[in-house]
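Letters are used for the chains, namely A, B and C, taken in the order the chains are written, and counting of residues starts over at 1 for each.
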Amino acid sequence: MMKGKEPLFQTAKRESIEPWKAWMIRLIAVFLSLVVCSGIIIALTGLNPIEVYKGIIEGAVGTKRRVWMTIRDTLVLLCIAVGITPAFKMRFWNIGAEGQILIGGVTSAAMMIYFGNTLPPLILFPLMLLGSAIAAMIWACIPAFFKAYWDTNETLFTLMMNYVAMQVITFCIIFWENPKGSNSVGTINSATKGGWLPKLFGLEYGWNLVIVLGLTIAMYFYLKHSKQGYEISVVGESGNTARYAGINVKKVIMRTVALSGALCGIAGFIIVSGASHTISTSTAGGRGFTAIIVSWLSKFNTFAMILVSFFLVFMQKGAGQIASQFNLNENASDVITGIILFFILGCEFFIDYEVRFRGGKRSSAE
Amino acid sequence: MNENYAIELKNITKRFGKVTANDKVCLSVKRGEILSILGENGSGKTTLMNMISGIYYPDEGQIAVNGKEVSIRSPKDSFDLGIGMIHQHFKLVEVFTAAENIILGLPGQELLDRKAVTKKINSLTAKYGFDLDPDQKIYTMSVSQKQTVEIVKLLYRGVDLLILDEPTAVLTPQEADRLFAVLRNMRKAGHSIIIITHKLNEVLTLSDRVSVLRKGQYIGTIDTKEATEESLTEMMVGKKVSLNIERPDPVSPKKRLEVQGLTCISKEGVTALENASFVANSGEILGIAGVAGSGQRELLEAIAGLIPSARGSALYYPPEGGEKELTIMSAADIAKAGVRLSFVPEDRLGMGLVGTMDLTDNVMLRSYKKGRSFFADRRSPKALAEKLIHELGIATPGTSIPVRKLSGGNVQKVLVGREIASAPAVLLVAYPVRGLDIHSSHTIYNLLNKQKKNGTAVICVGEDLDVLMELCDSIIVMCGGTISGIVDGRTATKEEIGKLMMKTGGIQE
Amino acid sequence: MGLLVIFIQKVIGQGIGILYGALGEILTEKSGNLNLGIPGMMYMGGIAGLIGAFLYENSASAPNGLVGMLISFLCAFLCAAFGGLIYSILTITLKANQNVTGLALTTFGVGFGNFFGGSLSKLAGGVGQISVAVTGQAFKTPIPGLSKLGLLGQALFSYGFMTYLGIALAIALALFLNKTRKGLNLRAVGESPATADAAGIHVTAYKYLATCIGGGLSGLGGLYFVMEYSGGTWTNNGFGDRGWLAIALVIFALWKPVGAIWGSLLFGGLYILYLYIPGLSRGSQEIFKALPYVVTIIVLIISSLRKKREHQPPESLGQAYFREER
């Protein structure tokens, strides 16, 4: 009578899915994305994609030096991802990590410039770490305050704060520039290495490793086992329930975003003191945004973030290598990363939903 | 099928799982007639109307429109047959004007001719006697004006049969009168109207015929001319049905909670609760009866510190002495002050529990702050969750399952179990058995009775009078935000309570 | 007087590219999609336009400016619209998170632009510096006659056609949103998709079209920077963070296309204001460049304080639409 044509496919939300199945879907997505990338590489360069992927692996972990560069950058990305996670879990869209990293980084740089050669390391490093954390915390609390009290849109607010931070940094760079007129700070204390994070256990990035992994583990326990972590989950799920449970929502928003900002500030400290030893507008380098993707894809699980950040940095490093190897441009890595992200983001749908095609055959889109 | 009927329903049956929402319901509406559908909450009125408007599809039975049998599978099908329904939650774009909402989605010349639209709307409003400014934005409108927009929207689209779901629930008496005048004009113009209600006076003043539903069953249809408030009340509430709920006698009751002149004003400025006063004693179950939206929710939430009260007091008398005023405290303060008050809210997964969290995490929702440790103790909540699973027979694979995956009855057991586990001196429960099957319902009754025997003052808001009359020691009846009477649960008759609910009886003490 | 004319010219030069980006984002956000991929799509549009013109000029023996213009225009629009399509498939059909998808699109698009911009000459077989002089000149050709009208002519009529097209598009978009049935339907989709759905509007189709066309429009902003602002050459990260400025402009303009015209001029003015304030050190000039963002934040705060309904983002912005399950 009024029967229409049955739609080509129907979707229904899954009740649950076995973890191995979910990981299979993700793996297939990554594989498909690599196939697409291969196609693009062949089309553009006529190179053998297998060679290119070999080059990626070579570029990311081919030499000891490259392994450490990959680890170093993984740690930074991981630190930022761990930092923004509590705010995300509370459904506070902090896309201002970029600016918070810069503010933390510039605080570290300032201390390196002014105290780097005078204060003893035992005081200097804790001071740099704390200072960066507090500065970034204050920076993050501005949008949080307006969100908590007037419900100002935090996505747009934190986004704008990034570019204000960017100009603040540019101001500082010109203030400190060395040599004059170069528009850059240069390597800070390149002779004395004052304020450079020293080696630990003979490892150049030993401190980075200890601090970031320490934060990762601590954040895992904080979110999973602390009372405050519990409050974050409740506020994120339902404001009504939070009120019923006697949770002060405004206080939790402020506290959580402050924590989030502080960790991004620490990431800034690690970049400046533990890796680049300088400050520039590209100190954050878009990693504040990439970290959002890391946190989201890891479903707020900090240990999964280790894997995801490693994977993304691996791809970027590798793509950077093939770019120079095959005389392409280093931005190829962003293109490849972008394509992989599209596939991973899209595949989550097939984890959450079941797709049924016309004819009644059930398929999980594998 | 009779061609004189705008719509005719025959033996319509609809089941949701084990629950039969409509059982062989028959209904017919003549052209140019207003039919009331009368019934308590949960009697299946809305389900029935949702089948006419294409939201549900009946399991059994036939529907005929203008004498022709039809199959209504989607709201669009229903709309194409000239049927339009106005829900309690309006579907309007708030920043648009009335006119923009009315023409939304309609075909026509691409460039909007606002003048022509306004003219057509104005001719419609003039014809039926609406009071509507087509250029007014929706968000500046009162509820009554928004309702007007919804009705005009349907008329503009040429709807013949109009269904209104409890249209006066949100209106002042003056606004309701205006609405009725308009509906009468529409009837005169040949439209057929179905109005869902549980207000007797409206039925008697407005409609031509009344159909009564009770617990999913079709009771009958009578001409309004032959109906009286008494006959309708009796059809609606029916004879008393025995449910075999245990009711132990209270042992040495003592005052636990005294509410005096409590008044709440909603965010929209409406007085939702007015001057409520009563006493709840230990070892007693105090029922609260009334049609939905009579102020029950505000009463409980004000006591629990979830909404502010405008006037009045709620004094808590703990067994150990030293009374406390609750209305000046927030929910957090109440817990901090050591007040042993538990609350089972009406919205289980939206307020009482977090659907995505597992049993253990939900069990600790109200007690996670306990202790000085920075970390939350999950060992005792887990033990408690396991105890609840065992004692209340919660069907779940374990304590680490998100509660939204449990069935309604099991969800409620988790919620009630948690609230009881803190050994409350006062226990507030709202609609504790809504949507539950008989077996689960009895588990909940037993839990409440056990609390009663332990000396808790239980306050229970319910919608099924049979349950309240068998379970409660005394029953507060609410109507339109005020307490219209307090009756003894053992001696009161159903008619008496029904009249108080409908405000047809006098105030009794 | 001459100084003022130069100031106006520079303001317009800065503002028009942002205006295109903002118009694209307004159209997109009116459908309820918050596409943070605008900066990426602007890069995609810019480079695609450049490649199109480049390939044309290299293959034609006597390239015609008008044809080159048309080709680059189409390439820019389609490539950026393709970015919008990726975003649409992911967020509308596959229900991925809008913020995350938008950021991924920006990563992709900026990389895409810089990649091809940096390796175009190599991919084309090592022709050296990329230049599309003929097409670039065509984009910069001012209105004949009017631009000769003294200072007024210089201030108002000395620009290429994209300046006027941008303003015309803003007005057209305003008319579309406010005066047509489809515009009304689109706004309903962004405000309350459930209401639109109930009124028989095809929510998914509207979202897809608005997002793709919006992407294409913002790509024209990239084309403007490449062709008119830089005269047909590419520099990596050449238009910097102006994509984000476009998103800021949407907020500043309170989602009104005509407001975006004035806003783009104000933003352009604020962006170069430091050049005209005497006695500024290089450092404090940088602080001045933050002004557009600070102003946007203030607008955001004020509109959230005043809670005026017409000044809020579309109600469903950022949320995926699920039809209620029956």
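Note that a contact is a pair of C-beta atoms (placed from the backbone, for glycine too) under 8 Å apart; a residue touches a chain by one contact, two chains touch by 3 or more.
If you want to know which protein each chain is, UniProt gives these names: B = ABC transporter ATP-binding protein; C = ABC transporter permease.
Predicted model, so just to flag it, every value in this text is computed and none were measured.
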| item | value |
| --- | --- |
| Identity of the chain that, by mean CA position, is farthest from subunit C (ABC transporter permease) | B |
| Selected interface, A-C versus B-C, where C-beta contact pairs are more numerous | A-C |
| Innermost chain, taking as reference the mean of every protein Cα atom displayed | A |
| For subunit B paired with subunit C (ABC transporter permease), centre-to-centre distance based on mean C-alpha positions, whole Å | 50 |
| Distance between the centres, which are taken as Cα means, of subunit C (ABC transporter permease) and subunit A, whole angstrom | 27 |
| Interfacial residue positions of subunit B with respect to subunit C (ABC transporter permease) in the complex | 55-56, 75-76, 79, 91-96, 100, 103-112, 137, 139 |
| Touching residues (chain side subunit B, partner subunit A) in the complex | 70-74, 77, 304, 306, 330-336, 343, 345, 347, 350-357, 361, 364-366, 368-369, 373-376, 378, 405 |
| Touch list for subunit C (ABC transporter permease) against partner subunit A, complex | 34, 36, 86, 89-90, 93-97, 99-101, 103-115, 117-119, 122-123, 236, 241, 244-245, 247-248, 251, 281-284, 286-287, 289-290, 293-294, 296-297, 300-301, 304-305, 313, 318 |
| Touching residues (chain side subunit A, partner subunit C (ABC transporter permease)) in the complex | 44-45, 93, 95, 146, 150-153, 155-157, 159-164, 166-168, 170-172, 174-175, 286, 289-290, 292-293, 296, 327-329, 331-335, 337-339, 341-342, 345-346, 348-349, 352-353 |
| Touch list for subunit C (ABC transporter permease) against partner subunit B, complex | 179-182, 184-185, 187-188, 191-192, 194-196, 198-201, 309-310, 312, 315, 326 |
